[in-house]
Amino acid sequence: MGAMTNSDLDDLRERLRAFVAERDWGQFHSPKNLAMALAGESGELLEVFQWLTEEQSRHLDPKARAAAADEIADVLLYLVRLADQLGLDPAAEARRKMLDNERKYPVEKARGLAKKYTEL
Amino acid sequence: MGAMTNSDLDDLRERLRAFVAERDWGQFHSPKNLAMALAGESGELLEVFQWLTEEQSRHLDPKARAAAADEIADVLLYLVRLADQLGLDPAAEARRKMLDNERKYPVEKARGLAKKYTEL
Amino acid sequence: MGAMTNSDLDDLRERLRAFVAERDWGQFHSPKNLAMALAGESGELLEVFQWLTEEQSRHLDPKARAAAADEIADVLLYLVRLADQLGLDPAAEARRKMLDNERKYPVEKARGLAKKYTEL
Amino acid sequence: MGAMTNSDLDDLRERLRAFVAERDWGQFHSPKNLAMALAGESGELLEVFQWLTEEQSRHLDPKARAAAADEIADVLLYLVRLADQLGLDPAAEARRKMLDNERKYPVEKARGLAKKYTEL
């Protein structure tokens, strides 16, 4: 199936569907549970960085980088699976959100500022 | 740039690079900060589901579904940006992790069980 | 000092101060880092519950209950430490917040409804 | 009820029981849901700090400090409520965990190092 598509996310979605079906795990994959699993993995991602300075986080040693890669993979897999269960196309939603952000954070007002758009 | 690639995630990565550069936000986008932002959005995603039953989460009303779509988009955008800052290809990492999972959760042992592989 | 107080949280605060001072860990305990550590532990707490039904979560087996106890302890320790670093009294803040909640969720409007106060 | 106890956490637990009973919210307060709510609030706590440097997080302006106080209160309230639903005493669990940590991180090995005990 993946061969018919040119999108990484569509390919992951199809692989996950097969993986889950073979193991009869659909019963556990309610959107509620998948949102929890995604948030759990994002907590593990935090643990990679929590005692590092920002500067250190820009230059991870190989072990920390591998740990970050693992957690990024886990978050992405649950995100793709959650979106699939909700019938959402995550890349399309992200492109839509970027257009929103371009409107909410006009270049001339937002440049160099880490403020929420409601405070610009 | 997006036109040169056939991957949704590559396209998002390039859009984000331009968005950040125009606003001079690279200074805020340390991997540490991006991991926090990703986890913050995953917390907002939880809030969509926290008082719903699993069954309700499988049949969201339009307002909750739109909220979930927004948070999924935010998580994906920060994930793509974080991976870019670490020089990682998130889809490749996810495919690698799926192969790991296929080994760790063999079909005959994992079928119908929501257990960690260390307990199978 | 703990002996001079009748509050569990004051006692934990003092124990944590001594623990951190002995190990020279104050340098790592910026509020930013402590907030990350707290959120990381709350992610581990999620992992105890993510594949359980709500009903199962009300009747944990001893192993899951012990895991939940561990994560609750970790969250509380980081919370006490974070509040200390910010000069906040967490119990006083919680009591203040309860008064807010009593106003925002009047009994007659909120009874039996899991809605945000802005939607009541 | 609070007057009969000398513990902040016991007092909060009793107030929460009354608050929930009056609103008939016990039906929503499964441990699973409370763990999600706690993690959601810890995500909001992250958002207070995510674009600040560590140094800035040590010197919050009044608005950010008030936001942090609010989220700390929310996390503590859900933590107390979750522990109550599981029949756990969170302060006792935290004291037990501190003893574990004192063993796992001996002063002479852990001083000045932000490493996990398994790596000391």
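We call the chains A, B, C and D, going by the order they appear; numbering starts again at 1 in every chain.
Following the convention adopted for this analysis, a contact is a pair of C-beta atoms (placed from the backbone, for glycine too) under 8 Å apart; a residue touches a chain by one contact, two chains touch by 3 or more.
It should be emphasised that the depicted structure is a prediction, and the values quoted were computed from it without experimental measurement.
A.B. asks: Can you spot which of A-B, A-C or A-D is a repeat of the B-C interface, where more than half the contact pairs line up?
C.D. replies: Matching pair: A-D.
A.B. asks: If you tally the C-beta contacts, which comes out ahead, B-D or C-D?
C.D. replies: Higher contact count goes to C-D.
A.B. asks: Distance-wise, how many Å sit between the C-alpha centres of subunit C and subunit D, to the nearest whole number?
C.D. replies: Computed from C-alpha means, the inter-chain centre distance equals 1 Å.
A.B. asks: Roughly how far is subunit B from subunit D, centre to centre by C-alpha average, rounded to an integer in Å?
C.D. replies: Their C-alpha centroids are separated by 26 Å.
A.B. asks: Of all the residues in subunit A, which ones touch at least 2 other chains?
C.D. replies: Residues 28, 33, 36, 39, 42-43, 46, 49, 51, 53-54, 114.
A.B. asks: Which residues of subunit B touch subunit C in their complex?
C.D. replies: 35-36, 39, 43, 51, 53-54, 114
A.B. asks: Could you pull out which subunit A residues touch subunit B in their complex?
C.D. replies: Where subunit A meets subunit B, its residues are 6-9, 11-12, 15-16, 19, 22-25, 27-28, 30-33, 35-36, 38-39, 42-43, 45-46, 48-49, 52-55, 57-58, 60, 65, 68-70, 72-77, 79-80, 82-83, 85-86, 88, 90-91, 93-98, 101-102, 105, 107, 110-112, 114.
A.B. asks: Help me check something: in the complex, which residues belonging to subunit D touch subunit B?
C.D. replies: 28, 33, 36-37, 39-44, 46-47, 49-51
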